[in-house]
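Per-chain residue numbering starts at 1, and chain names A, B, C and D are given in the order in which the chains are listed.
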Amino acid sequence: MQIRVGFQMVYEFAARTPVVLMLNVHPSRATDMIEPDQLRITPALPVKRYLDAFGNLCSRLVAPAGELTISTDALVADSGLPDPVEPTARTHEIAELPHDALVFLLGSRYCETDRLMDTAWSRFGATPPGWPRVQAICDFVHSHVSFGYHHARATRTAADVVVERRGVCRDFAHLAITLCRCMNIPARYCTGYLGDIGVAPEPEPMDFSAWFEVYLGGRWYAFDARHNVPRIGRIVMARGRDAADVAFSTTFGANVLKRFAVHTDEAAPSRIEVVERLVA
Amino acid sequence: MQIRVGFQMVYEFAARTPVVLMLNVHPSRATDMIEPDQLRITPALPVKRYLDAFGNLCSRLVAPAGELTISTDALVADSGLPDPVEPTARTHEIAELPHDALVFLLGSRYCETDRLMDTAWSRFGATPPGWPRVQAICDFVHSHVSFGYHHARATRTAADVVVERRGVCRDFAHLAITLCRCMNIPARYCTGYLGDIGVAPEPEPMDFSAWFEVYLGGRWYAFDARHNVPRIGRIVMARGRDAADVAFSTTFGANVLKRFAVHTDEAAPSRIEVVERLVA
Amino acid sequence: MQIRVGFQMVYEFAARTPVVLMLNVHPSRATDMIEPDQLRITPALPVKRYLDAFGNLCSRLVAPAGELTISTDALVADSGLPDPVEPTARTHEIAELPHDALVFLLGSRYCETDRLMDTAWSRFGATPPGWPRVQAICDFVHSHVSFGYHHARATRTAADVVVERRGVCRDFAHLAITLCRCMNIPARYCTGYLGDIGVAPEPEPMDFSAWFEVYLGGRWYAFDARHNVPRIGRIVMARGRDAADVAFSTTFGANVLKRFAVHTDEAAPSRIEVVERLVA
Amino acid sequence: MQIRVGFQMVYEFAARTPVVLMLNVHPSRATDMIEPDQLRITPALPVKRYLDAFGNLCSRLVAPAGELTISTDALVADSGLPDPVEPTARTHEIAELPHDALVFLLGSRYCETDRLMDTAWSRFGATPPGWPRVQAICDFVHSHVSFGYHHARATRTAADVVVERRGVCRDFAHLAITLCRCMNIPARYCTGYLGDIGVAPEPEPMDFSAWFEVYLGGRWYAFDARHNVPRIGRIVMARGRDAADVAFSTTFGANVLKRFAVHTDEAAPSRIEVVERLVA
């Protein structure tokens, strides 16, 4: 399957403003980029790119006062398969975990593992370890929290979600991540494109989505406590300990986001694209 | 049944310090006082007494620098029956509630009804109204929270209890009260004597206890989410919106509570008491 | 001076809904009511009135499904003088305070005295006691917090205000009240009409206002940490421990407030009023 | 100057328990290690070592049930100079910052930059940028917070410190770090040895210490809001976004820390050591 993804954002800056963007598809999908997702920035500006400690591709620029438009459009090869489900994937002993998975057991800005330890163990201590335990956590979060865009609040933490039971996709992810970490299962936050391929179209306007990954049975698996069904076509842009690490843009000055549109759609493979592949 | 209750407290004050005490049995039990619970204060001091807006008997004094001993010992007539259980006691429509019950629907220091509204309705909205709903709330709180004296923290609120799942009897009461109020059931905080009459002795040192009352079927009923079984011999000292209203002592200056002992025991009816009953 | 005050509210209720209103001028201003502020309710409904424990006049009704309009218009005699300023008004010793002022030293839903004790004493412990200390608290709060209607959040507490430094008039009041209570100065929350008599008109739409009162020198004085200048024409509607006690309406069911307008203006004394004064 | 550092810890584990330790001197001090700080672990156990994403040297092991003793003793060469003070060190424009400093501008578990942004800008927006601004932040934190070991609480965040004004060295660091980040100055948390060389001995028992570093004028400088004077002999063990990243031990199972002693003292250079240097 091929998936066409992209977005357009229009900012209005009051003054010259440094900006860091995490708006590219994650380098782990590099080999799937049929048409790469080059950032188109108007006015044209010098951009510096780097990989952060999580391997995310970041772009730095200094926006002039006035309007800044950032957009991209890319074509991505995808398995077309739903998120893998491996009920036998097992929890690792701590001692077996790769070194670089350990940081995903620690607390972070929106994931207060220290405060939710008792909640996690009393609720999930008796569930079968491994995949079923993570699924039990997702089932709990999915039923515990009500989704609503008007419930968005930038400072809401996992502990707040437990109390308020409302949120958007990032809140579902934060709570599930926190509970997994408390149960000694490494969990990391993901953000990226997720269209409605294979499911009923969602009534909400398209936005980037947030989900999470856990380390089970020797690899990372995607879970999504918000939708809580395997989905087709997740295209990850950035990973981190939680949403604090992967803001799609960090702007160091006053601005207004005047337009924000995201698209993610299955693309019919075109004849032209096939030709290009032949000549390549 | 007769119950002998009392306490002894020894404070050390650094300087002359105003004190407000709520250490008498509540005036609603006045007719049960076989031997009244006069406060014995050493050194002797002038004491002013008043009833606060909740009908609690308060004592005001100014402690001199040095040691202050407060004690009492009383004999109280009690039905000897466990807390009443009335599964048919019904929830009142808001419009039927007595005026003075309405304040016990509002938020208070340790009971954030505004934050727990969704939690309450999603968890208890489908339970049968009336007594079974309050019992469902107690069952939930009883199983959600772990008791431990070392878990005491003076600033813990009901929302914190939801997250941390630990606490002492006041925390159990605060969470249950908050959930009842969210469900439009007036709930008020109680503190007083509660011995281990009819149950296995508790391994913890005797302390005052906290429970709560709800307004169902035209009257207030005692519930106790911490023990969650009907108990014999609750002798209420003070009622309020939550623990902020009924501190057994409020001291306006530095001090150390050097000794604190409470006793609550079934008393063998004395001959004198029998005689009094005969002549009555 | 005469002040014309009133409001109009239009609710849309999804179903039959009990409502408690605190929308009358406070009984303490009863003798100032030239034209009383009768609540006009459409459709016509039975209304029960009562005084709560703080002396506020409350109205209870059951709104039918559909639209409910509540309005009033009244003419109130006022001294026309700005809030009194009495720099020599002294702090009372705790032992001297009236019994019914003591509750206004305790913590409440939005006023965490237990958490802000150190903040209060380290900041105001060295200020001159009495009026100057309360003024120092108002000066601090006034400069610490930025006003903005878009900063309103129903669950914000005094501790949140300390951290976030944003809010609306109720947030200014909550923080100032909390600090006063920590310093052993009784402080209570007030809500009511406050026009812009004698000051430049405010660019914001008229709303009810919130301020607070402290007990100094044997009486209650109005303070207003939001405006922090004496103002003319406060007409109190309700008092309580904090905003939790004095919501202008408490609705027990889903609804939308479709219209909300408040007016407060100086009225030219009518000829009739002059005659009345002559004959008096 | 030479500094002798080390510690001894004795744990009692209930069962076989995985442990991650950050108890070595940071690799950035490797060339200063006259006698290296090898971890001595009893009983002898296999230990795996790795560097985490912050460059900290971590040790992984699985403790058997029973007692585990970990100790070290090392001799470290040190400049003997107090922390450098460079009042002309300037703040960098965001655009100039090294890529790997950007993560130290983000929020983290105990550093809620999102909640403290207004506090930071209103308090420090008018201070001279660069070194004086960081010093102003330290001065503020130093005077805002009272130190006390009995004030330690593992879940306290920077926002809690603002409200409660109490804490231990990690709390001072968290608040100062958060304020620096809000002002766009990269700030990272440090933990390590800090003796009382050159200052009056502290009455408290020796412990590891926490301070922070900021990126100014092209390098990282140490600041210490707790002591707020330049100190001699900081020997960093671990750096991270906050205390969540650098726990000296993370234990995945029940245990008791039965003994914990740290030593940090100036060592007189021995003759033997001199000889060794000559022959090297």
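Quick note on the criterion: a residue touches a chain if its C-beta (ideal position, glycine included) is under 8 Å from a C-beta of that chain, and two chains touch if they have at least 3 such contacts.
Given the structure is predicted, the values throughout are model-derived calculations rather than measurements.
> Could you tell me which chains make contact with chain B and chain C both?
Output, common partners of chain B and chain C: nil, no chain qualifies.
> Any idea if chain A and chain D meet via the same residues, over half in common, or different ones?
same
> How big is the gap, in whole Å, between where the Cα atoms of chain C centre and where those of chain D centre?
It comes to 48 Å between the two C-alpha centres.
> Find the geometric centre of each of chain B and chain D from their Cα atoms only, then give the gap between the two centres in Å, rounded to an integer.
46
> Could you tell me the distance, in whole angstrom, between the mean C-alpha positions of chain A and chain D?
Their C-alpha centroids are separated by 32 Å.
> By the touch rule stated above, which residues of chain D touch at least two different other chains?
115
> Which bits of chain B are touching chain C when the two form their complex?
Those in contact with chain C are residues 18, 20, 50, 52-53, 58, 60, 62, 93-95, 99-100, 102-103, 105-109, 111-112, 114-115, 154-155, 184, 244-245, 250, 252.
> What residues on chain C touch chain D, complex-wise?
Touch list, chain C to chain D: 115-116, 118-119, 122, 144, 146, 159, 162-166.
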